[in-house]
Amino acid sequence: MLSPIILLQIVWTSLATSSCFVLFAVAFALVLKVNRVFNFAQAATMTVAFYAAFAVSGRAELPGWAGFLAAIAASLLMSLLLEVFGFRVLRRRRASSMFVFIFTLVVAEFVAYLAMLVFGTWPATVFPSLFWPVSIVGGIAVSEWDIPALGATLTTLAVLFGVLRLTRTGQSMVAVADNPDLAEFYGIAKERTYLAAMLIAGAITGLAMFLYGTRSQVQPTSAIELLLFAIAATIIGGIGNLWGAALTAAILGLCQNASVLFLPSEWQGFLLYAFLFLAIVFFPQGIRLPQRRRLARGIPAAVVGLHGPMGE
Amino acid sequence: MEYLYTILMLMALSVILAASFNFVIGYGGLISIAHPVFYAIGAYVSALLARDAGVPVALAIPLGAVAALLASLLVAVPALRISGDYLLIASIGFQLGVLEAIKNMTWTGGAGGLTDIPALFGRSTGHAVYVALAIVLAAGSVLLLRGITRSAYGRAMSALRDDELAFAALGRNAMMIKLGVFALGAGLAGLAGGLYAHYFRFLAPDQFDILQSAALLTIVVVGGMRTVWGPVVGAVVLQALPQAITFLDLPPSVLGPLQGILFTGLVLVFMFVRPAGLIAAGDLWRGAAVPDATAGGDGAGRA
Amino acid sequence: MPDGLEVRGLCKRFGGIVVADAIDLAIPPGRILGLIGPNGAGKTSFFNLVAGVVRPDAGRVALDGRDLSGLAAFRRARLGLSRTWQNLRLFASLTVLDNLLIGTRRYPAERLAALLLRPRLVRQSDAAARRRAFEVLERVGLAAFAHSELGRLSFGQQKLVGVARALMNDPRCLLLDEPMAGVEGAAYGSIQSAVRALARDGVAVCVVEHNVAFIRDLCDEGAFMFAGRVLARGSIADLIADPRLTELYFGT
């Protein structure tokens, strides 16, 4: 029953599907790395982005690009609000990481309830139909969604890589991620860098949510579950390692999709929690890379969002 | 009259839940919002034992509490072994996972809910006695937790929150304290669950989801975290508030989200305007004024 | 020499930096050893390795003949290893007395089960711990401050609280990390006499300190550390007189 073609089909479809997960994970990991915030409010950004696209393309029946722009604009706005009226205020107050986390969590829930009130609890999609024309390439069904989604994901990753390596803003982010005080000492504007990271993560989130919403049904609470997936990937991929998180998200997506073969479909959702749990039990610090430069440089690990002294 | 009993019952259960949650998150400093899952486990275990295994209700309720306690260790042992911070994610995963499992299994009643749960007292004794029992247990829980936080154990909990490394260097097993706090909190939540199950005699997984987490967090934050009476005040006030909304006679599709917005919105307002809650516990939300050193401490790696 | 603190071949590197390079060091019971060396020589790292805060790459640590390797920090403390911290690490939300009580060795009142089931045992152990805490506070001259908040104490007094807290463990070995940094006046004498009394009772003491006068007064001998190694051992006077060591000390 398991012919190579079927296997290939599963791998292809999973890979395409998980492109959104990869982006969610990268956005989450970026904010965790640079801003040192365990940003559960990314779920709020995702919800806002989806319903913006839904309102424009789904309800108002404007073309797809308008919905796309709406999603990006909404997620940028949400990120801006979060950073300026949330994180910046809390930083100034020297709020504890617990406080910041609860804030992000409550924002995520608040936005979910708001969406329920405005749009109802039933599932919605950006476009009326989730069906995409399919062509057969070498015996494998490739939908018209797959190629643009994968293309957009790979382009985003490449651009992000370029930004982090080549631009001044990107280098500032890496420096702040390493040691915020030292970075400030060298004349890097911390506040601006935090905002930049939030906005970049917001844009990525908006793009990913638009892609997701054109392919799957979304409810007001979907974003929270999607985010848990991103968190699992970030933990397994090694906190602070963007590309590890991206790779892990792709692999987890593959596993979840491949589970159709041996799990009843209603249990597929359950798999996510199993991943999350296993991630925490077996890979709490990610799949270890040989070096641990963070400690060696004496960067205060304890101020990093949620992870306190790791108690070597 | 029946309506009043119901509200009193819900208030008593909220007090147990909020006090135990406050014990875990406020006094214990263990960040977890999955408290309702232990409420659920207590409720389901007790209900199923009484309904399908023929265990007397009076025995099933404490057994449900024990089950919740053991389940909490299942989450906390692996998560805390690494670092307290993973507890949060592990417990959210556990909460959603358990609810997902309950929805998908037949013997739990599935998503539709578990019905025909036996009552604790026959019709003759009625609800008044049950409500009185719940109120007594709620008061007992609050006093028990108050006693613990004021004892040597409570002192150790404070010290652990202040500085885990120094605490361990004095021969204290931080892990055991965290486990003890988490398990006791979960056990009390399980007790509340059992009481709930045999009063309302119907359980559905949705009753224990993230909305419950938000409500509980609201009660504790609004009431005043790390205070004895804050959660009690919060529970009574915030249990009464949604009742007031019910009188508006809104359709359920509006009512649910509206309650959610109310709960989460209140937390947000309180976090920024009055972080200490209605009953203040001093400088509660401050992080360390000076960023802590690395795990090695004192420039271990800075040589 | 099976007794006291015994460290053999202790190694640790963080990334490319070696903080402990095959350290061998023994402190017999009743001896006070001064550990000196420039900043960054690895003295505090040595304490962290011995106390079990940081896991070594290699080497073993033994106390009174008992191998401590691989034991968690709290287990080492229970076997009689006490330490103080350079940056105090006191429990800010507790009073002076409560800070000390956390250090009490064998304290059944702190056990949840005992608390719920054996109130008498709890009362007795509580009373005993309090008596002991007052004794220790008396010894370091802080009895009057027992119920004070930490914030009302001077920095020197807070250092004393740190030392007193470590004494509550009835240690077999005490590691003092810069007890004099930032301390002036009366605390100087109090710390000296408390540590001497401890050594007379057969406790092995190791002191990291930059205050040369303090270390010369207090210590029986010294060890000079540099770049994660113990370069020399001898009397404090000899170590200070050695021009090569002075060069290393001030040259970096």
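Lettered A, B and C in written order, each chain numbered from 1.
By definition in this document, a residue touches a chain if its C-beta (ideal position, glycine included) is under 8 Å from a C-beta of that chain, and two chains touch if they have at least 3 such contacts.
Quick caveat, the model's predicted, so the values are computed rather than measured.
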Query: So which chain ends up closest to the centre of the protein, judged by Cα positions averaged per chain?
result: B
Chain whose mean Cα position lies farthest from subunit A: C
- prompt: What is the distance, in whole Å, between the centres of subunit B and subunit C, each centre taken as the mean of its C-alpha atoms?
  reply: 40
- request: Express in whole angstrom the distance between the two chain centres, defined as the mean CA positions of subunit A and subunit C.
  value: 46
- request: Return the distance between the CA-based centres of subunit A and subunit B, expressed in whole Å.
  value: 29
Statement: Check: subunit B positions touching at least 2 other chains come out as 165, 168, 293, 295-296, 299-302
- request: Check each residue of subunit A and list the ones that touch at least two other chains.
  value: 295-297, 312
Query: For subunit C, which residues are shared contacts with two or more other chains?
result: 14-15, 17, 53-54
Field: In the complex with subunit C, residue positions of subunit B that touch it
entry: 148, 151-153, 155-156, 158-159, 161-163, 165-174, 180, 184, 293, 295-303
- line: The subunit B residues in contact with subunit A across the complex are 25, 29, 31, 33, 78-79, 82-86, 88-90, 92-94, 96-97, 100-101, 104, 164-165, 168, 210-211, 214, 217, 221, 253-254, 256-258, 260-261, 264-265, 267-268, 271-272, 275, 285-289, 291-296, 299-302
Query: Which bits of subunit A are touching subunit B when the two form their complex?
result: 89, 93-99, 101-103, 105-107, 109-110, 112-114, 116-117, 120-121, 181, 221, 224-225, 228, 231-232, 235, 266-267, 269-270, 272-274, 276-277, 280-281, 284-285, 295-303, 306-312
Task: Mind listing the subunit C positions that touch subunit B in their complex?
output: 14-15, 17, 19, 40-42, 44-45, 48, 51, 53-54, 72-75, 77-78, 82-83, 85-87, 89-94, 98-99, 101-103, 105, 107, 109-112, 115, 122, 126, 129, 165-166, 168-169, 177, 227-228
